[in-house]
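In the two assemblies presented below, subunit A is common to both, partnered first by subunit B and then by subunit C.
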Partner chain A sequence: MIQPLLEAGWMNAILPELVLVGGGLLLLMIEGFSPKTSRSISGPLAVILLIAATWAQNFTVGGTFFGNTYQISGITRVFDLTFLLAGILATLFAREYLEREGIDSGEFYALLLWGTVGMMMMAKGLDLLIVILGLEILSICIFVLLGYHRRLPVSNEASLKYFLMGAFATGFILYGTALFYGATRSTHVDGLRQYFLTADGSNPILTVAFVLLVAGFGFKLALAPFHPWAPDVYQGAPTPVAAWLSVAPKAATLIALIRLFDAMAPVFQRTQWMLMLAAMAVLSMIIGNAVAIVQRDLKRMLAYSGIAHVGYMMIALLTVRDESVAAVAIYAITYALMNIGAFGVVSMLGKNQNDPQTLDDIAGLGFRRPFFGLAMALCMFSLAGLPPTAGFISKFYIFKTAIESGHTTVAFIGILMSIVSVYYYLRVVYYLYMKEAADGVPVPVSGVFATGALAISMIGILLIGIFPTPLFQMAGNAARELLRQ
Partner chain B sequence: MIPTEWFLVLSAILFAIGVCGVLTRRNGITIFMSIELMINAVNLTFVAYARLFGDLHGVMFVFFIMAIAAAEAAVGLAIFISLFHHRASIDVDEANLMHW
Partner chain C sequence: MPILSIVLWLPIVAAVALAFFPRAADSAIKAFGLFASVVTFIMSLFIVTGFRTGAAGFQLVEMKAWIPQWGINYALGIDGISLWLVMLTTLLTPVVLLSSWNAIHKHPKEYVISFLIMEAAMIGVFVATDLILFYVFFELTLIPMYLVIGVWGGANRVYAAIKFFLFTIAGSLLMLFGIIYIGFQYQHATGVLSFAITDLYRVGVTPYAQTLLFFAFSLAFAIKVPLFPLHTWLPDAHVEAPTGGSIILAGVMLKMGTYGFLRLVLPYFPEASIRWSGLLIALSVIGIVYGALVAWVQPDMKKLVAYSSVSHLGFCVLGIFAMNQASIEGSILQMINHGLSTGALFLLVGVIYERRHTRLLADYGGIARTMPLYATLFIISVLSSVGLPGLNGFVGEFLILAGSFQTEPIAAVIAATGVILAAIYLLWLVQKVFFGPVTNEENRDIKPIAWNEVAAMVPLIILMVWIGVYPKTFLAPMGPSVRRLINIVKTEGNAPVLVADESAGEVARAPLGGAK
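Up next is the complex of A and B:
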């Protein structure tokens, strides 16, 4: 039977994506015809477009589209909101950062919007083809954004490192997909699920394919032992881009992996594959937290802490259940709020961007810029997982689901490691309030957009931390919907 | 008809050569060529399986991979040009401003 390629209502289904793609083109047109106008309006316009895309979520209808390759459901909406939130926060911080560095122009925001579209495709793709296309749209935008501060050698170096590593990882993902196609005759999640219901997992090609795929996605997630690019890339990248990169692509990769692992669930019980994932999660938590302790560069410290946080999220994915998917979704939202907030404060330090932004640069910030200091301290408390912040409740939920799934040892290591992490997060707070600023350290310039973004993340962190129930119910319902079909 | 296994072994060898090239070469362009070799090995795998199964899905995948590789090449070469502006060299070992 020949199905129509475009089902009824496809336009509504991808309305958020259409808004962002069209908006990106609009930004480029403005930049092309009137660079002067572009410099003044493209930042606010990008925020408006991202909010419009969020609003457009109301018009999307659940279901599968484009020949059963594109699924809109509750969980994709939750992850879409995470991507859009990350985009809005990064855009707000970028506006004043780019202005200060004198590199403000429309294409920056256009690339950010298109990268968001790539992530939405990764979250909604039922076929590995769609996931890989989304991943590549995202990656190519990231390559350019990382090198956006063209005059800075470190920015160029970050772009180079991410490009070589990213393209290398893409090769692994593609080869893994090709071998899955050979073994299962399908690259569709449903096809894989059908196959894995009966497969005993003894086919060596399948194991090779799985390892290649996990290695490739591990690169994108900065999961140990595929993490070494992360600190260098975050350090060299324009800080708002590092903020966005440290959160949104990880969330997109995780939702793609959730679908994949869900389809593979029967094989996980018969093979050692899960053990490999558990080992990677444990390694990430240990390496991330241990190396973060010795970092004095704030961006490198946040990079290693990011490696550890991906480790926490992987614990929940060892067994894909309703609760674990919901836990990862909530963790992704929380992580977006607190990590972009922390990077945002770093982006406002008015220092030469070619030099490392170290702990000494935020010494005494709590008194020189009380609002920035407060925001940074709250983000650090949340990253450390201290109550009453969102970081506490989402970390608690992750470990709770892991223990309920029977991964007690891994969860225990995770709890132990998050206690270790308190040391280096609180060291930042110590520098904020207990140290005097050295002579010649510039006072960060405050701006409306960055202040607004920090307010959003602080309110979000406290709101989720104190009233978590509505969000948990929403994510839980969305996760049940994902796994039922 | 050439057995499918031959194609698969050839593409596995090409992929391995590509990986070795990425790991051992220091010239940026050569590394990128090695990555292209890996991606073309993947294309060969897809086409071989598509021929074996007699369906078009694998062939369609190849078209998309070629487009992806082209887009990556465009951005990648621009990054190398920018690197050359900064250092008058595309030796990736010289890009070592950041390390702990």
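Up next is the complex of A and C:
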């Protein structure tokens, strides 16, 4: 029987995406007809659109659509929430940042919204081709957003770097998908699952395909050894873009990987492929944390810390089961709150964006701008994984899952590396509270939007840290649902 | 009435309220902080009145599901081991806030908030009966203490603060690994996940794992105590910390280490504890003698008191690992004694430092003549620390030595020299600072000790005498709990109640790739 291409209810299914795509177009129109209006309303409007897309999640119904290639389920809702949260926070920080830098315009927000749509597609695609489609939509938005500070050389450098490397990464993913298709006659997760039930993994084409896919996705994740672009790109990018880039695309890539790994689970039991991922996770944790120690540039430091955090998340994925999926989902939400919060404070530093924003620029911030200082300190403690923050709970979940799955050694290395990471996160707190600002360091400007975004981050970090149960329930149910099919 | 929760959360509520005080309202902030901590102390008296002497298990228990998926509960309770430590915490916090009334000029708001959060976290450590809750509070104490040392400390404060933080967290993260592991052992043995401290007492871990876990936990607590040779962070932290920070650090925070040994290490790893008790006793005896000898040659008063802490805490660990009724009771009492006497000494050193901005022994002499009241208070505290009969220090040290002599005679004999050495270096300190001619002209007209400093000292002195004269008040509630602890160690050391299958620890639902 031939399935109709558009199942009933498809409009509802992709309502959040439709809101964002349409909203992005609207922003462009406003910009085109009245740039002046656009400058004053596009930021708030983008936030409203993102909130509307969040609300639109209520109208989506679970199921598969578009010829079994697009799936709405609990886990996609959890990840959609992560993307939208990241989008809202980044937009709030961007509003005042762009205004201050004089590059305010509607396109910025439109690109951010469309990038979010790309990520939603990656999270929902059951077919690798849909995932790649989403990835490309996302990547094109990122290329432009990175170079948005177009008169600044560093911004252009960031854009070009990400473009050149990203193009290769996409190439790898496409090539790997093609080889998969050659070997298994499918690019769909169901087809792959069917094939891998019996495959013994001895086919060299499969190995090559797997390595290519891991390399491509590894680039998007900034997973060592595919990480070196991250510090340069984050440093040059407009700070709110770096904040968004450091979180949301990683989450989208992770959910895509979860689906792929779940489909391939039988073959992992027969091969040593997962050892490669374990090695990459360990390498990421070691490189990320060790190199972050010597960084004085805040954005570079956060980039290396991000490499380490992806390493932690990969530990959980070494064995795909409901607990580990839930752990990664919760980690992604937590990471969005704390990392965007930290980048957000950096974005408020009133310094020439072409120069590095170093630790010296936040000296004494805890007493010059107590709210920013407190927010930054809280984000650092959360990134370091200290209780009672969300960072502790999520890291605990990751390590608990890993030990449960029998990856005791990797978890142990993770804990050792967490100890290392405390040093550089703590150094930020040291600058915040224990060092006087040097002469001439400007007091960061304050703004309603950024303050609001920081408040969301702080409340979220504490709420998840102290009352994690509702989130656990949601993520746990979603993960069980994902893996039961 | 959930009295433990009230005592635990009151300081936090006060800290949050303080955040909304205007920055300029200096005295209002200090007064409110002091008021809140005094109210907390008064409320904590209800713990003592509600405590039933004679019962061994946890009392005044409270229990609410916190993270039910993982079997983690918000579970509080108190027994003879933790009772006086909670009281010590609620007592020392107002003492600190009162004594530093005039000493803190920089950012008083953040200072008071830090101490209130620290108080809540320390109470939490002592009343938590869930392992994860314990861990959360254990870590939470670090952040405010880090800020207190780093923001209000001396010249080299940042180095000291970071060193303190990194040493402690390195130990406690390894302990976290062990906590998760024990939780799973329990799950493998019983089928349910639980982190309740007493549930986990029933887990028998295989000897090999027991040894590893014993060292993971012991490392965390040994750093905190601190046990020789992990003590190097302590002198730095104490010298650089402001007076209030030193009082809390020595008075309460170090006890979290010895408390951890009693509450977790002994009952969880009875075999390993018995097997490795020799090592820990040796280290504590080395610490006693080494700390005393190093204290003897310190030219700086605060450093001298800091090293005397290393020595005194050695007694506590010795008492714990001698593992008999007298020695453990003595050890718990000695924790309280040390909190009182060393807290008092740090307070008094701070008083004179406030006035003369030097802590070098050589800069003083003949102070007894210019500050008679101050000298009296100081000498009482010194005598309490030395262990003069009639004051508290004697009772604790006597019980520890008498108890350890039964099981570890050689260690007890060597440790006893620590008592003599303490008398030497502390009386040496007294002689140098208080007696003899006034050599330094600046010492002639020092401002006398202020009302708030005297008021802070009064409760400490009262308790020193009380414990010295009638220790039964304090020892009676401990007895049953200590007896139960020893029973657990001695019986479980021979026959574990629940032994997880040897292979169970290795089982994973879907192990992949052999990444073990």
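Everything that follows uses one rule, which is that the second predicted complex is superposed on the first by the 485 of 485 C-alpha atoms of A that agree within 3 Å, B and C clash if a C-alpha of one lies under 4 Å from a C-alpha of the other, contacts with A are read in each partner's own complex, and residues count from 1 in each chain.
Convention: contacts are C-beta pairs under 8 Å (C-beta built on N, C-alpha and C of every residue); 3 or more make two chains touch, one makes a residue touch a chain.
A quick note: this is a predicted structure, and the numbers were derived from the prediction, not measured.
Room for both subunit B and subunit C is found when the two structures are superposed via subunit A, with no clash between them. Of the two partner chains placed around the shared chain by superposition, subunit B is the only one that A:235 touches, whereas subunit C remains out of contact.
In the superposition on chain A, contact of A:150 is made with subunit B only, not with subunit C. When the shared chain is aligned, no partner comes close enough to touch A:475: not subunit B, not subunit C. Touch criterion not met for A:90: it reaches neither subunit B nor subunit C.
Shared-chain residue A:415: touches subunit C; no touch with subunit B. Rounded to the nearest 10, the angle at the Cα centre of subunit A between subunit B and subunit C in the chain-A superposition is 140°.
Remark: least CA distance from subunit B to subunit C after fitting both complexes onto chain A is 25 Å. In the superposition on chain A, none of the residues of subunit A is touched both by subunit B in one structure and by subunit C in the other.
Of all residues in subunit A, only 129, 132-133, 136, 139-140, 143-144, 147, 150, 153-154, 156-161, 163-164, 167-168, 170-171, 174-175, 177-179, 181-182, 185-187, 231-232, 235-236, 291, 294-295, 300 touch subunit B in the complex they form. Against subunit C, in their complex, subunit A makes its touches with residues 265, 268-269, 271-275, 277-278, 318-321, 367, 381, 386-388, 392, 396, 399-400, 403-412, 415, 418-419, 422-423, 426-427, 429-430, 433-435, 468-469, 472-473, 476. The touching residues of subunit B, counted against subunit A in their complex, run 8, 15, 18-19, 22, 28, 31-32, 35, 38-39, 41-42, 45-46, 49, 52-53, 55, 57-58, 60-61, 64-65, 68, 71-72, 75-76, 79-80, 82-83, 86-87, 92, 95, 97-100. Subunit C makes touch with subunit A in their complex at residues 65-70, 107, 132, 135-137, 139-140, 142-143, 146-147, 150-151, 157-158, 161-162, 165-166, 169-170, 173-174, 176-177, 180-181, 184, 506-516.
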